[in-house]
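Working notes for the structure below.
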Amino acid sequence: MGIGFGMVQAMVTPATGAGSLKETYLGAYRWMLLARVSEEKYASLYRGGKIHGSVFLGKGQEALSVSIAVNLRKGDIFSPLIRDQAGRLAFGESLLDSTRAYLGSRLGAMRGRDGNIHRGRPRDGYFAMISHLGAMIPAVAGALLARRMKGMTGAVGATTIGEGGTSTGAFHEGVNLAAVEQLPLVIVIANNQYAYSTPASKQFACGDLVDKAAGYGIAGHSVDGTDLAACLETLRKAVGAARDGGGPQMVVASLLRLAGHGEHDDFRYVDPELRRTALGRDCLEAAEAALLEKRWATPKEIAAWRAEAARQVDETVAAVQREPLPNPDEEDWCALSSKRLVDGFTTE
Amino acid sequence: MGIGFGMVQAMVTPATGAGSLKETYLGAYRWMLLARVSEEKYASLYRGGKIHGSVFLGKGQEALSVSIAVNLRKGDIFSPLIRDQAGRLAFGESLLDSTRAYLGSRLGAMRGRDGNIHRGRPRDGYFAMISHLGAMIPAVAGALLARRMKGMTGAVGATTIGEGGTSTGAFHEGVNLAAVEQLPLVIVIANNQYAYSTPASKQFACGDLVDKAAGYGIAGHSVDGTDLAACLETLRKAVGAARDGGGPQMVVASLLRLAGHGEHDDFRYVDPELRRTALGRDCLEAAEAALLEKRWATPKEIAAWRAEAARQVDETVAAVQREPLPNPDEEDWCALSSKRLVDGFTTE
Amino acid sequence: MSITYLEAIREAQAKALADDPRVFLYGQDIGSFGGAFKATKNLAKEFPGRVLDSTLSEDAIIGAAIGAAIEGMRPIVEMQYADFSTVGFNQIVNHAATLFWRTETPCPITIRLPSGGTNGSGPFHSQNMESLYAHYPGLVVMTPATVEDAYSMLLEAVAIDDPVIFCEHKYLYYHLKADGLPTEAEPVGKAKIARPGRDVTVVAYSAMVHEALEMARELATEGTEVEVVDLRSVKPLDTDTVLASVARTGRLLAVGESFPWGGVTAEVVARVASAGFGLLDAAPQRLNAKDTPVPFHPNLWGTHRPTARAIAIAVRELLRS
Amino acid sequence: MSITYLEAIREAQAKALADDPRVFLYGQDIGSFGGAFKATKNLAKEFPGRVLDSTLSEDAIIGAAIGAAIEGMRPIVEMQYADFSTVGFNQIVNHAATLFWRTETPCPITIRLPSGGTNGSGPFHSQNMESLYAHYPGLVVMTPATVEDAYSMLLEAVAIDDPVIFCEHKYLYYHLKADGLPTEAEPVGKAKIARPGRDVTVVAYSAMVHEALEMARELATEGTEVEVVDLRSVKPLDTDTVLASVARTGRLLAVGESFPWGGVTAEVVARVASAGFGLLDAAPQRLNAKDTPVPFHPNLWGTHRPTARAIAIAVRELLRS
C-alpha cells in the first residue's frame, strides 16, 4: 500500500536521463498531486485534533520541491525542509513513513520521538532536519566531503531553505564551506515572500537573492517557482552542473506560500495584491492547465489520478491509525547508542 | 603624557572636512608611526616576559586602520579588531590606556580583568571586542539602530574584520541586519591573505571579497591596503556615503600581514613569493617614501617624529610599569552591576 | 477581570514601553503580527517605531540588543522559542554576560525565552535552558511560575542594569489565570512559599510549581503536608528560604523540568547538603526530566517530564526514608 | 622516552588515523601548520588528505562533521579553543546529540576542546565547558587528567559510536609528562582513585586533579590522608566509585575549575547527598572558580581558579566540621 522507493506508478526517470520531457513532467505532476492530497489530509486531521504538534504545508511549492527530487538519483543526498512534501515523496519516502511521522506511530522511522517535518532516514541519504534553520546545509556539505574522501564520485547533495533561512549564520557558513571545498551541493532557496509573518523585504536587501551566489563564488540560477517545466529544467541544469564538477549551485525560486506558516496560522498578513500577481499562481493548477494544453493528459485522467492519490492517502492514514502508539514503558529512555556509557544515576 | 582625545600633535582634521590632503596625510602618517613604534615596544616587552597573554600586531595594516579612524568624528562608533592599533590611537585612545591594558595595570580601563586587544571604552563609542570573530558587527549595528530610534542622525559606525572572519555566521547575520535596516555602518575587511596559518583561498571562493557586497545589497569598495593615500580616499568616500544615508558600506582592502598571527608565531607558512608582490609592501615605508617624494616632509623631520613617538612610548611604558597591578583582595568578584542580585552562595 | 500568564507578559511589555522611552522590543514576527505566541499583540501599533521585526538571525539579534544597550537603550528581545537561543548563545554568554565586568558598561537587556514542554512540541520546541545560562557569570535568570510574577518580574527584568534571561513557560501561557495584575511584588532574588507544609519541602520553579502544588493537594487528602517553595529566580537562587523550609520539614525534593545532569535541582540539593546538612532528616532527592531529548508524542512526553503523579511517588518514597 | 599530555593527544590521533580509514581530522589551522597548539603536528604530511583545514566557521565545522559521520566517517574536530565552541553550540547540542535518538543513525564524532585557564589567557581563552555539554542528553563528556588518559580516552572517544566532547586541559599540555604511552586503560565511565587516603574524599577532574594531588601531598605532611578521586569522564559520571570512597572517608569535597553555579561539583555533591547520605560524617562541600569571567591578569586568575592552596583551606575546614 505504501508508495515508496521503486513504486511503479511514479518511477520517474530523471530528466537528465533518457526519459522524455512528457514522462518527466507527468511523473513530477503526480508526485505533486500526491503531496498536495496527502498534506490536505494531514491538515484536516490536524483540525480534527488527530495530529499533535504542528502541520506545515508545502502548498504552492510542490513544483519546485519535486523538481529537485526527480533530478536526484539513488545514492544522492536530499535534505528537505518544511515545505518539501513533494520532494520527499519523489525522492523515495513512502507515504507510510510520512503518515507514521505525523500520527506518531510506534512503527515509523521516528517512533513518536520526533514528528512531522523532522523525519528522515539519514543513512538512506534522506536527512532528518533539525528545526534550527540553516543547520542542515553544513551537514550535507560534510556528507559530500566524506564521500570525496572515500573516493566516491558522481553523487550530489541537495538541500532547501526559505528566504528567511538565508539570514542565518548557519546558511552562510554552510554555503561558504561548500564553495571553498567545491562540493557538489545544490542549495535551493524558495523565496516564498514570507518567513512566518515577516516579508522578504525584512530579510535581505539585495535585489534578488541570486545575487548572493557571486559573493560565494558559486553558480546561481533563478527560476519561476510556480512553473513546473521551468523548475524541472533549472534543477536539471543545476543538479547536472553539480554532478559534473561545477561546484555548488544556488537555485533561487520565486513563488508565494499559499498556506499559513503552519496550519494554526491564517496568514492574514499576506498582501492580497501579491496573491494576484504571477507569484501567487498555484503551481499544481498551472501544471494541470499545461498538461491539458499540451494534451499530455485528459481531464478524466487527471481526475482519476487525483482519486487514486486520495485513495492511497486514505488507506495509508486508516492503516496507520490502527498502528500502536508509542509506549513509554517500552522506551529505553537512552539517548546514546553506546548503552554501556549511559549515565544511569537516578534517585527515584 | 598620554596621547589621547584632543591631543594637539595629531588632531587630524577629518578628510571629509576642510583639512588639506597634506594635513590629513601627515596626521595619519604620524598615528601610523606611533602605532608601529608602540607595538614594537609591546612585542619586545612580550619577548622579555613582561606581558602576559598574547600580543597581536597590526604591522602592515596601519594605513588601512588609521584611514578609518581619521574619517570618523566625535560621536561616531569605532569597533576595532586585533590589527587596529593605528585606528585605535587615531580614534582617540590614549597611549596610556593602550599600555595599561597590555601590562594589566589596575588603573586602566580593563583593570587587569581583560587585556591587550580586548580593550575599549564602549560608552565613548570605542567598543571592546570579544574574541569571537564577527560578534562585534551586530553590536555596532544595534548601536546605530538605537541612535536612529533616539532620533540621532549623522553618526556612523565603523568596524573591522579579517578575511578569515568573513567565514563566520556572525559576520553574515550582522552585515545582513545592517543592510536590511540600511544603517550607516562601514565594514572594513582587511584581506591580509591569512587567517592565522590558513590562506585566503581556504576561506572564500569568490574572486574578490567585495563581490559579497552585492549579495547583501550594499555598496562595495576595493582598495590597496598598502597605499595610505588610497586608503584615506576610499574610507573618506565610504564613511561619507554611510553618513549621507547611503546605507552600509563594505570596504575590502588587499594587503599582507607583515608579522606573525601573534608574537608567538614565526609565520613561516607565509608564501615568500607573496611577500615580494605589491601586497607585501610595508605601508609605513611606502607612506614615508611618498612623504619624501611629495616633499611634505624631510628625512630629518621623519626621524624626529619617530624619536618623539619612541619617547612617548617609552615614557608611557615606564610610567605604567610603576602602576599598581590588580589585587585579588580588592576585587569585588562580582560580574553584575546590580550588586543586590549577586548569587552570594559559597560554602568555603 | 481575568488575565492569563501570556497577557501579563504582554501587559508588562506595554507598561515598560509606556514608562521608559529607552525600552524597545526586538525579535522575529513581533511587530504587526504580534509574535508567534501573541506576547506582543498590538504593541507595534500602540508604540510605533519601538517594536521591531528582526531578520531570522538570533545571534545578530542578541548582538544588536547589546549594542543598543551600550547606547543606553533597554531592549527586550523575544526568541521565538527558547530552543533557538542556542544559535545566539555566544552573544549571550560571552558578550552580554561579560560586558559590565570587563568594561564597566552596563548591559540592560532582557531576553525572553518561551520555554518548556507542551503537547506535541518535540525536541526543538520544548527546551528549558535556565541551567545553561545560570552557569555563566554575569546573567540574571528568572523563571516565573505565576501570572503575577510573570508581570512583575518582567518589569523588574527591564529595570535591572544587567542582562536578564527571562524564562517564561509556554505551558502556562493560556491556562494560568489570575484576577488581575499585581501592584506590588516580592523582589527578584526572593523565593516564595507557594504552599506551606511541615512534612517535606518540594523546591520547584516555573511550570513545575503547579505540578508540585497539584501533588501537594493530593497528598493533603492523605494527611501529608507538603511545603512547596517557588524559587522564582534560579540565579540568584534564594538559598536562605530553601534552608528555612528544610529546617521546618527536614526533607527535600528538588524538581525541575530540564535534563537530569546538573542544573537547578543539582544546585539546590548541593547547597542544602552543604549549608543545611544538619537540617536534613533524610537524603535530599531530585526529580528531573529524563536524559533524552524531549519526545514529540504526548504518550512519551508525559513520562519524560515530571508530573504531579511522578512527584507524588517521589515524595512518598522520600517520606518513607 | 618521555611524552607530554599534548604529545599523547597527537599520538592518539596518529594511531586513530593509522588504524581506521574512517577517521579524519577537521579544524582551523590543523593541516600543515599542525594546529594552534601543535596537537596535529606532522599529521597532515603523514596522512595526506585526511587532515583538513577548515574555514573559520565553528558551526559549519561541527555540522559538516555530523554529515560525515552520517556517511560512516569518524571525524575528530578540533576547536581552536573550547570557548569558541559556543559558536558551534547549536550543532553540538541539537544536532549531534539528538541524531541517534531521533533517527537511529549513530553520530560518532569527537570534538576536541582545548580547555581551561592558563596564564594571561583571559575571559575568552580559558573556559571549561564540560558542565554545559554534560547537561544535554546524547553526549559523552571526557575530562582526562593524565597523559595516559589523554591518550587512551581519545582513542576510546574515536571508537565510540556517539558524539564525544573531549575536554583536554591546556594547562597540562606541555608540563605534564609520562614515561610512555599506555597499552591498556580503564574503560571510559570508570573513575579512578588518583591517591588513596582515609580521612577525606576530594573529587576532581582534569587539571584540578593535580591541584588536589599537590594539596594531598601537603596535607600528608600534616598527617591528613586525603583520597583523591579522578572522575576521568563527567558524563557518564561514576557515582559508584565516588560513593565507595565517601563510604571510606565520610567526608566529601568536590573541586571544579568552572563557574560555581551548577556543573560537575553540584552534580557530584547532589548524587552523594541523595545516594550516600548515610555515608557522610559532615556536610559535603564544593570548591569552584569564582562567579566572574576568567580574569586576564595572573594576579587575579590565581585567585579565580581553585589552587592547591585554596583546596587545602577547604579540606582543613571540612575536617574541622
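Chains: A, B, C and D, in written order; residue numbering restarts at 1 for each.
Throughout what follows, a residue touches a chain if its C-beta (ideal position, glycine included) is under 8 Å from a C-beta of that chain, and two chains touch if they have at least 3 such contacts.
Only a predicted model underlies this, so the values are computations on that prediction, with no experimental measurement involved.
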{"item": "Partner chains that chain B and chain C have in common", "value": "A, D"}
{"item": "Farthest chain (mean CA position) relative to chain C", "value": "B"}
{"item": "Mean-CA-position distance for chain D and chain A (Å)", "value": "40"}
{"item": "Whole-Å gap between the CA centroids of chain B and chain D", "value": "36"}
{"item": "Inter-centroid spacing, chain D versus chain C (mean Cα positions, whole Å)", "value": "30"}
{"item": "Multi-partner residues of chain B (at least 2 other chains)", "value": "110, 113-114, 118, 130-132, 167-170, 173, 176-177, 180, 202-203, 334-335, 342-343, 345, 347"}
{"item": "Shared-contact residues (touching 2 or more other chains) in chain D", "value": "54-55, 57, 59-60, 83, 86-87, 90, 94, 97-98, 101-102, 123-124, 137-138, 235, 237, 261, 274-275, 285-286, 290-293"}
{"item": "Graph class of chain-chain contacts, one of line, ring, star, complete, other", "value": "complete"}
{"item": "Partner chain A, residues of chain C touching it in the complex", "value": "28-29, 32-33, 36, 53-57, 59-60, 83-84, 86-87, 119-125, 260-261, 283, 285-287, 290-293, 295-300, 302-304, 310, 313-314, 317"}
{"item": "Chain D-touching residues of chain A, taken from the complex the two chains share", "value": "109-110, 113-114, 118, 120-123, 127-128, 130-132, 135-147, 149-150, 169-170, 173-174, 176-177, 180, 334-338, 340-345, 347"}
{"item": "Of chain B, residues touching chain D in the complex", "value": "51-54, 104, 110, 112-115, 118, 130-133, 164-165, 167-170, 195-198, 202-203, 269, 325-328, 331, 333-335, 342-343, 345-348"}
{"item": "Residues on chain C engaged by chain B in the complex (per definition of touch)", "value": "24, 49-50, 52, 54-55, 57, 59-73, 75, 90-91, 94-95, 97-106, 137-138, 140, 160-162, 188-189, 235-237, 239, 271, 274-275"}
{"item": "Touch list for chain B against partner chain A, complex", "value": "167-173, 176-177, 179-180, 182, 201-207, 211-218, 247"}
